[in-house]
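Letters A, B and C mark the chains in the order given here, with residues in each chain numbered from 1 onward.
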């Protein structure tokens, strides 16, 4: 039976790859409107954001309100790596062939950096519970954002010079400061010499990688590992007494979630038809709150629920942006200065969340999945 | 393997919960740990299983120190336990409760689960098989897919023991297994404890208030009061030990009951 | 001299932060939840104060305007605090007691209320920065004196009144307090009212000094106040005062160095360090879970 499953997996994987490859080459013909193509890919990336946050907030029963920090780490890392590689490759216009060099390396870097910070942030989860841990994650995300936005160390130096001058802790921190400053501060990072971040990630990369990550999240949930996480969420002391080490499981969940967010951030930064720069304010608290909304609306702990949440939130954000820009709303705003559709959206979301918490705190699907086989059917 | 405590001491804030407790549980024995409420029995269990670290002294299993080991590592070393107020994973099914206790024995781990490698499937099916065998031992097979909260009190207690047994422990710590049981059930428990010891080559340590069970099944008994050892010996010796009688019935210091 | 000056400013800032921190700490004491919406109550108070001051005539009657603005803001925010508790927190308290979601649900709700209020302010008052009239020449000593007076008042309320006793009983053991005849709902509502009105005083003082009100102002000052509460030991009233003063002074000291832009980062760094090194805070105590 295991053998047949393998064949099925490989066939499905090839199918996904083929479809997304075809889309990669033909999407511009099918959807001539660039903003619609962008919307499609953005939705896919946000699905990954939601699915990864669900690993911590849904499955592991921890609560992170700083997911934007991981996304931002991934985005900046991928943007820097991709830009450097782009220069090394001769600064030609991004092609699909070249993307096979740039995207994997940039995403790997994004995953490693975000994962490393996920590890660091997972460590306090051993001692801190609930609210406290949430605050630490928020602190992390804000520190990340503020450091990049406000750093003004040695504006005239280049990072390369500063790093070669490192002689001790003092110069080390100086070099670190110079490097952070080189990320462009409040204006954002747009590659070396502000040439723009090369946008290598087309539908092929975005769809295959998001699909892969979603499948992995599903497998985590429906494995002994996911079961242990559920046990841990219920009773830490009893779990430890049967050999489920809370430390390992919690820290690993943080790392996995951070890796997912980092990859999502990397894809967002290099997304074809997207903006060729990365801004610190994209990763503010509102971004984290949007991610929380995605997970909670769909159902904490449900992979398909998180996906639905990701799609819904992304579409509504974009619909609002579109509406805000329309001439009708522009006319209205001339009479009513207060009409801020985004504020209205946030009010609706938060009211929806409050209502959900009161009426159905487990979210739309709870822990259930769409298309889930009846549990126990295979076991006995 | 023998479990040995030597001069173990633990205080919470200023309160000394366990002071200078020393005892050795012989291999394959059934050992009782008794004392009035608040004597520190459960605390001793928590110290053995690493729920809290102890302040001074030593706890060893088969000569190997358990100090500074985390709960999960102690479970891995071969000590399993149940809890005074049952701690099942209530949202999980009966079967799943047992499977969680298999995580340690899996050869393949997270990566295998992500890749769905053959070893992942082998693990899952062999663990499920073992879990069903264990359910048979405790006659819970019919309830395998029921949520564990739906079980009756007695079945929940048995499930908790079954879950502990899934670790294939060398030492089993039972915290008040007879709580809430009537005379007949308590008699059944006695047989079951002996049977577990004989079948699985276990050492069993019991914390228990039910004297019918303690005196009937334990081969050696250690008595605590206010965190201190007041007696140690065979059931017969404990039954007539003046300090034990004093502790249970109240000291004769104020001319009260004695 | 610069150092003395910064110290004075720090004390005034700290006193104001402490007033806001008290609201976090008191609510945490009785409900064991972080009321993220507290920072938005602070922001709303700033607007209420601004409107009242403008209505009274502003600089024409500085004392009347300041006192009037503060009192009305206190009253309005007490109502707001009670409403938040009533509409959002009470229903989930009843529902999630003892369930596995008991920890996450209040957190999400509080975050959502905070986001809601902030965006509501955006709609009602627009994102514009609104300047406060300059009522006094030198506001710092006034801020400090008022802050200290409020803390003394709070200490008296908590130690001497029936309500204070009920509140302390509730934060020690809710079940026992209920059985002993403490009216839980009323005490919780009053805690929110008291905490919110302290934040209102803080808000008006803050704006008289910093001279601006805007919808996202709650995040910055709310964070500092929250860090102050955690630093002192959340749930601990003297701890919040101590934490507030410390944060205020540290902030001003940092502004003397060449890293003046780093205050916001530093606040978060302090927060994380405290949580890692001593989660119970400076004056708090840790509890051991019963097994």
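Here is the rule we use: a contact is a pair of C-beta atoms (placed from the backbone, for glycine too) under 8 Å apart; a residue touches a chain by one contact, two chains touch by 3 or more.
Since the model is a prediction, treat every value here as computed from it, not as a measurement.
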From subunit A, the most remote chain by mean C-alpha position: B
Core chain by centroid distance, with centroids computed from Cα atoms only: A
Computed distance of Cα centres, subunit C from subunit A, in Å: 32
Whole-Å gap between the CA centroids of subunit A and subunit B: 44
Interchain centroid distance [CA atoms averaged], subunit B/subunit C, Å: 47
Overlap residues in subunit B, where contacts from two or more other chains coincide: 51, 83, 91
Set of subunit A residues in contact with two or more other chains: 234, 237
Of all residues in subunit C, the ones touching two or more other chains: 100, 291
Complex contact set, residues of subunit A against subunit B: 1-2, 5-6, 9, 216, 219-220, 223-225, 227-228, 230-231, 234-235, 237-248, 252, 375-376, 379-380
In the complex with subunit A, residue positions of subunit B that touch it: 49-51, 70-73, 75-76, 80-81, 83, 87-93, 95-97, 99-104, 106, 109-110, 113-114, 116, 118, 120-121, 123-124, 127-128, 144-145, 163-164, 166-167
Residue ranges of subunit C touching subunit A (in the complex, touch as defined): 33-34, 87-88, 91-92, 95-96, 99-101, 103-105, 107-109, 111-116, 118-120, 122-124, 126-127, 219, 223, 226, 230, 261-262, 264-265, 268-269, 271-272, 275-276, 279, 289, 291
Interface residues, subunit A side, partner subunit C - complex: 57, 61, 63, 65, 124, 127-132, 134-136, 139-140, 142-143, 146-147, 150, 152, 233-234, 237, 285-286, 289, 292, 296, 300, 337-340, 342-344, 346-347, 349-351, 353-354, 357-358, 361-362
